[in-house]
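Sharing a structure below in structure tokens format, with a few things to ask.
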């Protein structure tokens, strides 16, 4: 049960539309449920405004399905699973309504799309190899109810490509930048906009890129004051934080 | 450069008024002039609600004074100088109205305080040694017009201190966490709140803390999805980003 | 080598029964033979309450079987094999009575369970992916005769899950904490208990977790004074040390 | 928060005594208040046998004195200050009864020595340069009420020095090993004893010792199963953990 | 469209052989063309004097073919694809005229060889395992119109092999040195020649070569002042820069 | 004796203006001179086209003076000393005609300025703190006979400053880029020009810039193919290589 | 190049028989040709008592066979091939007389065993997993004509095993120590013997052993003054150096 | 008492020139002496053939003097103190006959020079800044009774300087190479000689030399099979090992 719906419930109690006893039934007293291999956090929706998200990597399809079933059993919608391979998606999709995107590797069970997505989040990526991470960020933000604009293949070695989108960039509420190799795109965009920039280093590259360390250091040392950084390849985190900034 | 002006240029080549070499240079510059320079410069004018900031470290008092004088001469208020030592502050303060805070080492020339600061930013710090960085973040946010609440000495090894401030923490719009050593505070707070958390690793510690690397890695690997990270000891960046998120 | 025996040696040199070169080697070895070898050997006899342990990784099933046969031939019970894959377990199990656990990958030949296990060791794990390492620690401690309580999926980003077990945690004689990613759980538990905490970083994570280095550094820099650390993924070592502390 | 108190809260919302927003915050805090704060606070009362410890480095003499005064005002004895320089000790000693040791740099205010120290802790050090760290461990353990035996300058390159103390080593309840450079002493002692070994890497060395990293890695990779490790130069932690193991 | 051909076009405008309108048609007004997955930079030929190069690694054969088709459709010759596996080359070669070299893994579509290659570039390699990287550099330089001399297997541990080529080495306009392991060849050649040396560390080696880091550091620290360095295994970059220096 | 003047001498021999015997006198038969603490390489001018350069750091003023005297004694002009502190310059300047620049810390003894400097080298720097390194590069190139244009304070976080110099940048024969922190300037300029770019990481920065490592990695991973890299703070190397490329 | 020959060269320039450019190149090469090439080449002839060694890794069986054929064609005996897999050995063995050892992965073609091997080299290994590297060292030394004694499984965590071989250890002319994990064995043996110790770190281990880095650092920081180190897993180098010390 | 003199004593016992009782008086039964802060190893001369060496760094002059007095009291000659600053040497020299060398920072108390030094050890250094480390190696070897030839300033960027000493180099029994920065000299010399090469990386350099790590890695990865390596700046170790190889 999420933040907004609980507030709505309390308002109904205030107006008398719902009795305190009925409200009590709807509130989950038990903050988590123990499945043996995992504890599902039902209090999280209240605390975070966003329900728990399942990190699919390293879990068996059976474990994922078990968690989804427990959440769906409580009426949870928009159950998001990240790092979900096609194979696992096929299995989970047999038991549950699943909306799966193979590029971002995100699956959403019992999806309910927001009617009017909030504000504007831009996701920019330096090269085509950065797309999976960029899409993980973009799809995450969309699932959480945000409007997302994508600017792909705008690396700084061909500056005019980026500059041709100046209007779009400057109107953003928050920008996510996914870049590997030297990761300079975050700083260049950071210097162009007056909003927060979430930088995601990607593990794309070879040689001295060291699996994303080079891009990570570049972003941490950014001369643009509005850049903060998440873990290498952590597209989900970037999308989630951008959504929070955008009012999610 | 529009269609017509290129044709015009080519006509000039034909007549000999422009040499082919000169024309080539004009053509090279075309995509940048069309898209970039003018718009960016105009855009900076629009952003001037946010004051210019001088990074004081590595500049002589004379250099700082020169920059302040130039800015003040254009009527600039709230000129912020970070990493300003007491010695340099004494010199700069002789020529200009200077509001100097020795803990955060921030000086503000010709300060004008906001009458009604915006929203609520929380700055939490794990230990007393993290205070200079935490204060750099807090004072930065205050200078930029935000209301700031401070929660200091709330390290996770004494969890009850942190939990006694649940009311304050849960009502924040954005939280800044400054921590050295193991840097776990960012994750614990990240799990308690429904807003973005800006984590600042500090260079406090000894041995395997490696001047802040340990805290930096902890924060980048945070299990809490709402944590993003800035450079080691970068209190200014944290305060600036928090201000942007808070509507600054 | 005592005064008298050196004199005796010198007499033998004089008579020619021992050459000077042979005598020189005897003198070289003197302080070690006097002090070391015999005592150490005797001491090993005293320690045999603790069973011999075979590190299964990198050994062929035939090598493992050979060692087990030799030990069993001397009447050894509770022969423990760590990092034993299912495949190797199948082969070893054909020749010997084997108690095998596929999660911890520990096999015990000719197991004899303690009738009344000692005291209380708690094994806490931050996430489901940390289970194999946590189980290696837990099963090791159980095989060595200890009572073990497991607290799994109690990561610090959902603090209430951990806090709901405060009673259990506070009654421990020693706590083992297995955690990957940012590894903050060790410090939080360390701050709650008044007993030693053995922290095991796990190689779980991605990006800047660097195969367990991030968790290792977090644990080494713990602000809680009662935390010591073993190697990444070294569940066996944690279980063994906890057993020693618990009186094993 | 129990069933009844939530119902009571909802009744108050209904009557208007509590606004929905206030009720929402109460619900957010619920699992923490139910489970956490009170118990932790109560628990701290139970732990006060172990004295509070002040980390002196990075604090001004005035700050230290303030903390000591506050503690002494509550009747606290054995107030321990670590990493206390001679200069600061001179200042603190003017106001308070201070027992200061310049090698370990530990000061104890209002010291009360245990009449019959517990058990036996051995502190072994590889070289004379490791003495400050070894003494920090030894003095810490003594202040906490333990009997400590010191074995200094017993590096493994002169094995007979170590072996001449076999009797002492083998009778220990717990051993602390402080070593820099290659740090091999922890493993050699670990192989000789049947009790836990706490290894403290020291920052002693040059070249590829990298300020203690070499010794730290050696100790983490120890082939002896009973060795756990604390941070580089963390003599206090080693002494504190050894005291806990020894029944402190 | 490349630098030289645009100048030629402008010369034709000057002489009247081509009307300004015809020239305008030939100039790409739109600096890039949007293929969806990649934006091909047609303006690049003008700015860099060299057309865009396709980095084949991490692209599907279909993506590569699509980019080649788009470029070929505009009359582009010498379309270079680096890091192209044999498998992908077979597929691309079915649709386009492709000149493929399996050692350097470079493919060139619609190749037009320079009639009189420019100057002299030497490519030296320390060992046979460095050949793929050395050949990537050599073939790149050849495709860009340069004359290349190869000196292979001239590692510094057998100095006489290198010194037997003194004539060739000393007459070079620019030298490329590819070396793994300890990478000392760059410095030795750097001390022998009066021209720039481009050093390419290769990932060849084992143990403490750390995938090329050892060679990279050696080259960066070269005592020869004329050595600059590109990324590990970046043969293409070395060949491209050498071509620019050679007047390409 | 340098490359060009020897060729000139040989031409004079050919024409008969100089006899072979006179030429022999002018050629240095002995390729180096042993000063005890250093061997001066008189053959270097012939091999490298540039005379030996004295690295002033870590040499005493007396050692520097000794080398200068030996070189001047053979008629050497333009004897360049890098990393020369003001103190040492004062001492050396007493004995020899010395042209000293305190920002680049370069001294030149018996300077003879080129009448018509060659071509155009651009030196760009990201921030004011990068100036000493940038000036070391610029002054080196000037001493070696090149025309140098400086573009300072053109960091990528304020792109319009850089873009306002497009004319200058695009007309360069070679560009040197000095940048610390995140070092992105090299890539952005690399994408704008059609000539080689020599990137010099500087040790400017704090936190995760790690004394220049961050900038170094950024530059090595540059997406612009025309960027090669020299050691951190190696302004001299950059200026020397640029001079060689420019025809020096 | 002597006085006379330079004069002769200059005479040829005068007569026009040699162009000034050709003469310049001759002068450039002079110090190298005078001193270097011939002597080195002559010297190699003197060294051929030591057989040529082929590094098998990364070479195809065909390449290896080709090199062996060429060497055998010149009458070469004892042609040693290291890092030779069983598969490649099978192929090479079809064409040539091959003595292959699968543990050390060394093959020797046309082996001629020394009738009376020299002196005594000891190869000690800490664990069974270190055997392949230890055997590479041992077999290398044997092929080069030395007598080798093996001491395996003598890790320092069980000191009595090592000390039971004091006679053997103390009589060695040179000792090779192969050890992974913490690598302490080199120091302990180094302290017992009066001869050089060659330490070979192995990549055996897990977690913080980092593929041999931990053992490498331990060995470099050895407190025993007689220990020098070769690359990780470089058994061949250790055996070769030991042979040279032993008079090989 | 050293190896050779004990053998001589035993021979005298054999011939009857010395009685067993007299010999016993001369043999030290107690293998070490405890000074409180240090244990002097009197058995070391017997085991190692060389008496204990005092590492002066980090010891007070009083501690050094105490150890020297204890050793001199037993008739020990040639007591060597490394890393001894001028200040400490002045103090120690007041009480004892001291031979001090300020470049190598080695002091020898009660020196007795060998009448006919053994064999030939070459010490080569790449640059003048490497001299202190090279001299520590050279003086160590001389004190231990070896003949030493020095080849200084023979870095590989000026190969002809090195090659002019080919005769000297090729006649060595063992070569020590001290080099910082890129450390390539070890490999080049390793390829020229048929004897063992001991490589000492020095901490000389700047930027990416990382205090000697670059040179260390270069040397560990040497393509020359006869190179082994000691710790950064460990001139003593290199000299000591070379002496052992040379028959010391």
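Every chain is named by a letter (A, B, C, D, E, F, G and H) in the order it is written, and numbering of its residues begins at 1.
Criterion: a residue touches a chain if its C-beta (ideal position, glycine included) is under 8 Å from a C-beta of that chain, and two chains touch if they have at least 3 such contacts.
These figures come from a predicted structure and were not determined experimentally.
**Q** Counting C-beta pairs in contact, which chain pair has more, E-G or A-F?
**A** A-F
**Q** Determine, among E-F, F-G or E-G, the equivalent of interface B-D; equivalence here requires over half of the contact pairs to be the same by residue number.
**A** Residue-number overlap above half with B-D among E-F, F-G or E-G: E-G.
**Q** So the centre of each chain is just the mean of its C-alpha atoms; given that, what is the distance between chain A and chain H in Å?
**A** Whole-Å distance between the two chain centres: 62.
**Q** Return the distance between the CA-based centres of chain A and chain B, expressed in whole Å.
**A** 25
**Q** Could you tell me the distance, in whole angstrom, between the mean C-alpha positions of chain D and chain G?
**A** That pair's centroid distance is 48 Å.
**Q** Could you please state the distance in Å, as a whole number, between where the Cα atoms of chain C are centred and where those of chain E are centred?
**A** 54
**Q** If a residue has to touch 2 or more other chains to count, which residues of chain F qualify?
**A** As it turns out, chain F has residues touching two or more other chains at 3, 31, 43, 47, 159, 170, 192, 207-209, 213, 216, 220-222, 231-232.
**Q** Which chains touch which?
**A** Chain-chain contacts present: A-B, A-C, A-D, A-E, A-F, B-C, B-D, B-E, B-F, C-D, C-G, C-H, D-G, D-H, E-F, E-G, E-H, F-G, F-H, G-H.
**Q** Which part of chain D faces chain G closely enough to touch in the complex?
**A** Against chain G, the touching part of chain D is residues 126-127, 155-159, 181-184, 187-188, 190-192, 205, 207-210, 213-215, 217-224.
**Q** In the complex, go through chain A and note every residue touching chain D.
**A** 3, 6-7, 10-11, 13-14, 16, 19-21, 23-24, 27, 29, 31, 43, 46-47
**Q** Chain D touches which residues of chain B in the complex?
**A** Answer in residue numbers: 128-129, 159-160, 163-164, 166-167, 170-171, 192, 204, 206-209.
**Q** In the complex formed with chain B, which residues of chain D make contact?
**A** 25, 28-29, 32-33, 36-37, 40-41, 44, 57-59, 63, 201, 203, 212-213, 216, 231-234
**Q** Given the complex with chain C, which residues does chain D contribute to the contact?
**A** Listed in rising order, the residues are 31-32, 35-36, 39-40, 43, 46-47, 50, 53, 159-160, 163-164, 166-167, 170, 192, 194-196, 198, 216, 220-222, 225-232, 236-238, 240-241, 244-245.
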